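Got a structure for you, written out below as structure tokens; questions coming shortly.
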Amino acid sequence: MIELGENRYGKSCVRVMRVERESEPHSVQEWNVEVWLRGDFRSCFEDGDNSRILPTDTMKNTVYYLARLSKAEHIEGFATELVTYLLENNLQVEEAGASIAATQWGPLSDGRQMHGSAFIQARNAPDTATVTRRRGEAASVCGGFRDLAILKTANSAFAGFIKDKLTTLQETHDRLLGTVAAGEWKYSLEGVDYKAARHRIMDSLLSTFATHQSQSVQQTLYAMGKAALEAETGIAEIHLSMPNKHCNLVDLSPFGLDNPNRIFVPTDEPHGSIEACVRRAN
Amino acid sequence: MIELGENRYGKSCVRVMRVERESEPHSVQEWNVEVWLRGDFRSCFEDGDNSRILPTDTMKNTVYYLARLSKAEHIEGFATELVTYLLENNLQVEEAGASIAATQWGPLSDGRQMHGSAFIQARNAPDTATVTRRRGEAASVCGGFRDLAILKTANSAFAGFIKDKLTTLQETHDRLLGTVAAGEWKYSLEGVDYKAARHRIMDSLLSTFATHQSQSVQQTLYAMGKAALEAETGIAEIHLSMPNKHCNLVDLSPFGLDNPNRIFVPTDEPHGSIEACVRRAN
Amino acid sequence: MIELGENRYGKSCVRVMRVERESEPHSVQEWNVEVWLRGDFRSCFEDGDNSRILPTDTMKNTVYYLARLSKAEHIEGFATELVTYLLENNLQVEEAGASIAATQWGPLSDGRQMHGSAFIQARNAPDTATVTRRRGEAASVCGGFRDLAILKTANSAFAGFIKDKLTTLQETHDRLLGTVAAGEWKYSLEGVDYKAARHRIMDSLLSTFATHQSQSVQQTLYAMGKAALEAETGIAEIHLSMPNKHCNLVDLSPFGLDNPNRIFVPTDEPHGSIEACVRRAN
Amino acid sequence: MIELGENRYGKSCVRVMRVERESEPHSVQEWNVEVWLRGDFRSCFEDGDNSRILPTDTMKNTVYYLARLSKAEHIEGFATELVTYLLENNLQVEEAGASIAATQWGPLSDGRQMHGSAFIQARNAPDTATVTRRRGEAASVCGGFRDLAILKTANSAFAGFIKDKLTTLQETHDRLLGTVAAGEWKYSLEGVDYKAARHRIMDSLLSTFATHQSQSVQQTLYAMGKAALEAETGIAEIHLSMPNKHCNLVDLSPFGLDNPNRIFVPTDEPHGSIEACVRRAN
């Protein structure tokens, strides 16, 4: 006997830009939205009966429709509105989810003045939010970010590790530490000020990254997660992914030159992959 | 109180190419390997104590070392050797995992002859394998593929779905159905002939995709998964992801032309996202 | 005094899929089209006068419109129709150009049979064509390809090169030679059978790559270009780009293993860049 | 008779990071370098004689070597040193070229303070420089940028264009104008203060983009180029590429909603392609 297991369907890469031009400066929000549904869709999968299927095209329209109506000022709020709308209007659905990545548009300044109707894309690291909601339950709200390229030029060591017959890495007490970080935290309360919380979390993550006396990526990651949990009491846990984008010191001795941590080759592959969840203990 | 939760670390994008040139035709295997460990690494994360840490650089070396020694002829086998080696040689580790994507190199033929020492990259859809092993347990072995672009030009409908106030999609009984599929199946037995199994699974997936009278992507996905389970008794379940890469019929009527399913615009965003697991019922 | 120099404008990434379903097997052509115009557009650039501007949106519509009407069976022909249409219908235009990349769809076969209405994307190396036409002149027609990943496991050396104080590379008489080739050839005649010509050119390129006793990428590139010119008299010149995607032999000696050209690390960066035009001498 | 035409070879994607840590704040320069040579390399291409070939591996080493020795503080200067070194040390070479893209690292600030040894990647738009030098001539030095995503939410129209039977675009006097701009300017003088010049050029480009009353992308591009030439007398010409990344207004009328320029769908394909050179007239 063969049966349907876990399944979900939805629409991905629904791009939407909300522009407010009622006063200067204008505001721009550019979102890339994914939305999905779970429920008992066996008759569709097994029998080709689409009578319980809300088309993904309609989900896309729902994003546009709510974008027009919504007063949400942050992606956590808009994602919550989306999943709530889908649950309320689709009784066949058991769980709805939405994930949003927000492009970072900032005001365009030319050094002399800020322009009220021109924008420049700031760093390539979108804010993210993921909200899921099961029927009859509160929404589960996560905030996050990804693609955040950061680099330490001091206070990073890696030594005291296991040596075996396949070890070729040298210990170091002074290396570059670069990563392209991603993170996601889960709110434990409703009614959080998501914008202020995000600000506190990002501040504590970056400040800790900058100042930590790092013995390993793992230790720095943990310190960052701990700092975020201490800075924002409204979150229960934070998951961080910090690939170690190795910067290799170039051996210039064949050319008669020294290289006292001056010239490195940044690399993308292979790279270390370090990820962990840091959470409040029960 | 704050504590460490789920965590893992390892090395990603370890690229390796194995060449056999003892007889013609030569053979080439190009793999992109990810390897990771789980265990009690709290002292590293919390205290900066690296004494239980096998460096990711050594994991990379392990891939090269085993690639030289291994007789494995498929990625499932090599990934199993990798995790077994890591577990046996690192008693501090509770679980090891390895994931491999294999580039598709085929013999280069120029129409007249096949050349024994020249290769051409066939389709851009790597075979994949993921193996995890917990200490004291058998390895969990999965095979799979990704990035498989396939297209049906007949036998695809989508109708009978829910209509509501946000519906704009028209019903259709004859559309193009294109996807870039990914799949992963889990072996239920040890000692499977992975190569033959993969062949049977891929054959049944593709044959079903080609011939299915599709009422929806969901139904076709389910039929494909069912066919794979029927074709290969050594697998317990298969997860398929089939994004609906919409081909939109162009409205040529403003130019005085009809368009009887001849001219389409293929699109990447937004796209439908359909995924499900199909499995043997207990 | 400041003035407008060289300029062009047009539409890029116009995707179109042409489907023929009148008989089995069906046929599918998926094209990514770029189209552009040159001419005296100073009044637009300098004065904001759009009266000589054909909108890029209309150029996009032109692609769809002609795709419906055209009988062209290859991209060279369709690109020629496009530029001719644009010139004939836009007297303000001095030169029109079109560039097309064709996705490689092949019939989906499941090992037992070929299916007439299902397709699978073959290698990730599109055929390309670029046609430009100046008013009152014949079209200049180029064919080509890109992203063609090929690899030699024998008959490749690199030695006898310049050694200086910055040299660290060792000479080798037996290395892997991998590239992701691109090529473009220019037709010298009208009325060429583009399909047959492309076949002869690709055959000669691949056959030469496979069998050449290579002393360098440069020498192999030249031999390939020469073979193509000899195989197809209808082309005047061919430009080839063959980045040297280095496969580095892994040093396994720290682990007590030899490595007689068995285990390599394929790399993308840095890579050699070798490109040249090979042509008929006047 | 078949002969070698235009050719060049070199090394691409040579990544190098220069770190200065002698005082706080530290400084970081991350460059992606391409370097190439032209000359009479016929004996290599035609005969497999490598005696005039400086290996691309040595060119890579040259980048590392000079990165250690150089006092250059900007990419224009370092690229000039590179091509000069290659010409002086390789008499068989007629022309050397170097192109550099600089990753934008900025100091990491956590809102309270700036950290002297931590950095964050600012916008994803690298500064670029390309320098070529022929033996016996001065270097030709270009500065530039690419991937600069900018957006206007006011002062952009497109009307008065040609209408024909394939026109479906509506005229608009108020649209969003978004682009991902690239630019390259050529210095006409030696001894320019490249850093100050870049600053003046970018300021004038961005300021003009922000404030221009745009009748078309073309007109805005021209105004930007003109402003740059007026702001920096040390450049002779500037080439700008400004793809029109269309933001399409969503039709919300099927859902009973208006959409007074509030909700848009940003798109990547198809996109307009507008590029032009603006220069000083002789």
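The chains carry the letters A, B, C and D, assigned in the order they are written, with residues numbered from 1 in each.
We take it that a residue touches a chain if its C-beta (ideal position, glycine included) is under 8 Å from a C-beta of that chain, and two chains touch if they have at least 3 such contacts.
Because the structure is a prediction, the values reported are computed rather than measured.
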Pair sharing more residue contacts (C-beta pairs) when A-B is set against A-D: A-B
Far-end chain from subunit B, centres as C-alpha averages: D
Distance from subunit C to subunit A - Cα centre to Cα centre, in angstrom: 37
Inter-chain centre distance, subunit A versus subunit B - centres from mean C-alpha coordinates, in Å: 24
CA centroid of subunit A to CA centroid of subunit D, Å: 29
Shared interface positions of subunit B, touching two or more other chains: 15, 61, 65, 166, 168, 255, 268-269
In the complex, subunit A residues that touch subunit C: 165-166, 168, 254-256, 268-269
Parts of subunit B lying in touch with subunit A, wherever the complex brings them together: 1-15, 34, 36, 41, 44-58, 60-62, 65, 89-90, 158-162, 164, 166-169, 214-219, 221-222, 225-226, 229-230, 237, 239, 243-244, 268-281
Footprint of subunit D on subunit A - complex, ascending: 15-21, 26, 28, 30, 61, 64-65, 67-69, 105, 108-112, 115, 117-125, 148-155, 176, 199, 203-204, 206-207, 209-211, 247, 250, 252, 255, 257, 259, 261-267
